[in-house]
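Shared between the two complexes below is chain A, which pairs with chain B and chain C, respectively.
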Partner chain A sequence: MTMLVAGIDTGQQSVKAVLLEDSEMVAHKAYETETDSDTAARDTLEDLLKEVGADRNRVKRIAATGLGRKEVSFAGIRKTQETCVARGAYFLLGRPCTALDAGAGGCRAVKIGPQGKVLEFSSNSKCASGTGSFLKAACEVLQIDLDRLDDLAGRAEDIAKVSTTCAVFAESAIISNVHYGYTLESICAGVCDSVASRLMDALNRVGIEEELFFCGGVAKSKTIKRMLERLTGRPVLVPSDSLLTAALGAALSAV
Partner chain B sequence: MMYAGVDVGSRTAKVVILNENKTVGSHLISTGPDSAETSMKVLGGALASAGIRMDELSGIVTTGYGRYIAPFPHTSITEIACHSKGVHLVFPTVRTVLDMGGQDCKAIRLDPKGNHTNFVMNDKCAAGTGRFLEILAQSLNIPLEEIGPRSLKGKGTVIISSVCAVFAREEALRYRRRGAPLEDILAGVHESVAERVFKLVKTVGLEKDFVITGGIAQNPGIVRRLEQRAGLTALIPPTPQFTGALGAAWLARESA
Partner chain C sequence: MASVFQDWMENRHEKVKSWKAENGRKAYGYLCCMTPEEILYAGGILPVKVTGSGAQPLEIVDKHVVHYACPYVRSMLDAAGRGDYDYLDGIVVCNSCDIMSRCEYYWRILSPHQKPTVLGVELSPYVLYIKSPEKISGPGVHEYLLGEFRIFKQHIERETRESITDKKLSQAIEVYNEHYDWMQRMHALRKDKSLKIPGSEAFMVEFTALQMPKDVHNRRMASFIKEVENREPLSKGVRVFLSGGAVDQFTARIYSVIEEAGGNVVAEDIGVGASYFGHKIDTSIPPMDAIVNHRLDVHCPHTMTSDYHPRERLDYIKKKLEGADIQGAIFFVPMYCECRNLEYPFLKEKFKEELGIPSLYLESDYGQGSLDEAVSKVEAFIEMLEA
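Coming up: the complex of A and B.
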């Protein structure tokens, strides 16, 4: 029987796990982090194993990444988010690129060289601007969900700008924009524009070479993807399951 | 002669009306989404409380983040200058000022005459501001005025490591889900704010006497923790939120 390896990415909002068999993805899952990272990681992995009908003994190695990686007690390997994003992106794309990973708890730009090596990176996990938490906070103020925010933003004719420095201050700016009579479309575009320009700051610090690979929960936003394409002047590639890139990279490092 | 000081802050707007050197009227309202409208409304309330008309004012000084867009004749003066003046009037011996407002926080050093010689300010993000505490109170579902006193009953078991208000909210809610007592979480939140703003005080240099102004001066959970760090008892003005407006009204009088 072939052995499996697992990669687990414990983020601020969700836990992502990937199982590999002979470097082939056999199962993957994303769960909301309800409890602590250790419990959430364990539950996610057990569910995955159930899905493929495998016993825990078949798992040769487990690698953890993400904000909560140090809390995952049963992981034999721990890797930084940058390392795993680089591995995952290189595996999916098969060539060097610059990756932009934006999740609920942080964002990072990683310049990736041959064999998926991290050449340079810039990351932020101290401040909510440029992260999924910023989008979530804006959704709460506007009382809409993320898909709708993205959809409305995509149809905007102009952009009602908001602060790019602080998610909390942006909330007040959004309320003022509503008051000043901006359309909901342009207000939503302002929110996406704020995230995109903050992500550009991270990208500019490492420089963009070749293609731009965009992953993490924020990469689900088609409007932010389009804004990045316009700002960088090059196509932005988003993997089909953008949440799993780092978990995949972690699993690859456990092979 | 009568003068008005109008302080349009990010969260609240305050006005003080002076008849020569005596306060004859004051008013405080929440800042609405339109700063011009807010400044008109708060000034109207203060005029009513003083029982006078707008045209009886001989001068108006505006301050605060909305100071430039007031829709009446006025002179705009920085918050630092107005605050320094307001503090010096109430406590002439004060050399170190910590003003904790709704969306900013500043530490100011004063010379014996009440002129500011140095200041540092965080107005870029909500860390260490009233807004930070408001957000945490809201998500823990506790009235704002209760969080300070309750934080003093908590044990030091909860550590909030995020400086960002949005991430700190997530951290606090995670502790809550794990069953940590509210008082302990509040203690952690207040420790984190106190630690953050005390750094500003140290940057300008702490010297006796030390005053805390702004809305957060009414929160004993922050005041106690700052006093512990400073090793000094903080002076608190009777109406800490009006310090800037009072200073502004005095500067209107002095420049008349």
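Coming up: the complex of A and C.
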């Protein structure tokens, strides 16, 4: 019986877990976090093991990453998001790239070299702009969900710029744009444009020399992906499940 | 032995007050390492480095200094306004940067003190201002700073009603040279492959030298260095260079953050004490000239030489790093610090190109928040260097 390794990414909004067997992904899950990081991580892993019909004794090593990695009491390995995103992205692409990871609570650009080594990184600082939290706050103001925001933004003919980089002030900037008579599509495009601009700040600090790999919850937005492609002038690669890259990288750290 | 230094670090205000009471002497605070401490020491005055407090919120300074000024200087001024430094008999301000140069005004306003007067004229103001040159080499620079230091010396003589003779200055220089010697020995030990002093402890030793009387500190150093030499080497950690401003008893936590992440600061450029002084004061020339030369050898981010800035800063730092075998550089820069922020992009690029060393930029708001936020970034950086 081959042993398994697990990678758990405990983010601000969700817990993602990946099980690897012989470096092949055998199962993965992503749950909204409703409890503390430790409990959420434990529940997610238990569900994952149930899914593959294995018990905890089959798990050789567990690695945790993400905002709540230090709270995951049963993890034997803890790695930062930057390291895990690099490993995950390199595993998926098989070549050096620049990864952009934008989650609910943070965003980072990581320049990745051969063997998934982190060459340079830049993370956001105590600021929600460029993160999923910013998108979520905008959705609350506009009373729509994330998918609809993305859909509307994608159909916009012009962009109602959000004239601030602060997520808190952005709320009033969005309301002002409503008063100025912009279409909902333009306003949604303005929200996505604001996130893309902030992500570009992180990217510009590390520079893009290779391909651009985009992951994290924000990478689900097709509009932001397109905006990044326009701003960088190159294709942006988004994995089929953009939430799992860091958890995958954590699992690879446990191999 | 380190506990003596720790005691001074944690209770610096009380320690200075006790020293004053026990010795019946005065203590002057200074804001910048360009201050000629040796002149104060020769005048029987204890020079004490003024720092921020880390206290939040800053209630007093907000009425006087805009939010987008250096948070470290704002904290110092707030402490002054609260009376934390009322035990000091004078303050020495240098023009280390724009906001620092304005501290001459702010300090007078926030912490007014009456000084003895003759016919209504203060013999020596409570706040003394030294205008140090930005350009630290070239014609006329030495003479200019000598003039500033002479005026400063006269103020101290008026304050103490005693002449500061060349003999007294030479004696002070002897004590300070011993201090620079000890610091050099400690720096040499830190560069050693088998590291025996954690960066946090070395910082504490260096920082307390800015609070304690130098002769007392020197005596402690003799036994401290001996004790360190007999220690077992620390477990291996990633060797890091720390550059930045506003590192004091509060922000010194950055050392622990680095150590807890698996790194160790083995060299630095942080604007306190002997870190800045790579050599001793020349004893073969008149003492005032020697002190001037010594201060003109300080290549802080504010200064310039005949060579182009910031190339000369890079060369200065590279010289300090010789033999330190560093693997990464961490730049811990206060928000709105134009001096350090202007040079960072160049230094980062050249560290990579010429030394093959990656850099991490950390912005400090001189608050707990930025120290907490630094944890994850430092951990990621150390992981990157370890891989």
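What we mean here is this: the second predicted complex is superposed on the first by the 252 of 255 C-alpha atoms of A that agree within 3 Å, B and C clash if a C-alpha of one lies under 4 Å from a C-alpha of the other, contacts with A are read in each partner's own complex, and residues count from 1 in each chain.
Going forward, contacts are C-beta pairs under 8 Å (C-beta built on N, C-alpha and C of every residue); 3 or more make two chains touch, one makes a residue touch a chain.
None of these values were measured; they are calculated from a predicted model.
**Q** Which of the two partners, first being chain B and second being chain C, lies in contact with A:101: first, second, both, or neither?
**A** Neither chain B nor chain C is touched by A:101.
**Q** Identify the partner contact of A:121: answer first if only chain B is touched, second if only chain C is, both if each is, neither if none is.
**A** second
**Q** Touch check for A:211: first (chain B), second (chain C), both, or neither?
**A** A:211 sits against neither chain B nor chain C.
**Q** On the A-aligned overlay, A:193 touches which partner chain: chain B = first, chain C = second, or both, or neither?
**A** In the superposition, A:193 contacts neither chain B nor chain C.
**Q** In the overlaid three-chain picture, which partner chain does A:9 touch, first (chain B) or second (chain C), both, or neither?
**A** Neither partner.
**Q** Quick one: classify A:79 as touching chain B (first), chain C (second), both or neither.
**A** So A:79 only meets chain C here.
**Q** Do chain B and chain C land on any of the same chain A residues, and which?
**A** 126
**Q** Would you mind writing out the residues of chain A in touch with chain B in their complex?
**A** Chain A reaches chain B through residues 12, 34-36, 105, 126-128, 133-134, 137, 165-169, 172, 175-176, 178-180.
**Q** Spell out the residues on chain C that touch chain A in their complex, using ranges where they run on.
**A** Chain C residues touching chain A: 358, 363, 369-370, 373, 376-377, 379-381, 383-384, 387.
**Q** For a test of understanding, state which residues of chain A touch chain C in their complex under the given definition.
**A** Per the touch definition, chain A meets chain C at residues 79-83, 117-121, 123, 125-126.
**Q** Going by the contact rule set out above, which residues of chain B touch chain A in the complex?
**A** Per the stated touch rule, the residues are 10, 32-34, 103, 124-126, 131-132, 135, 162-167, 170, 174, 177-178.
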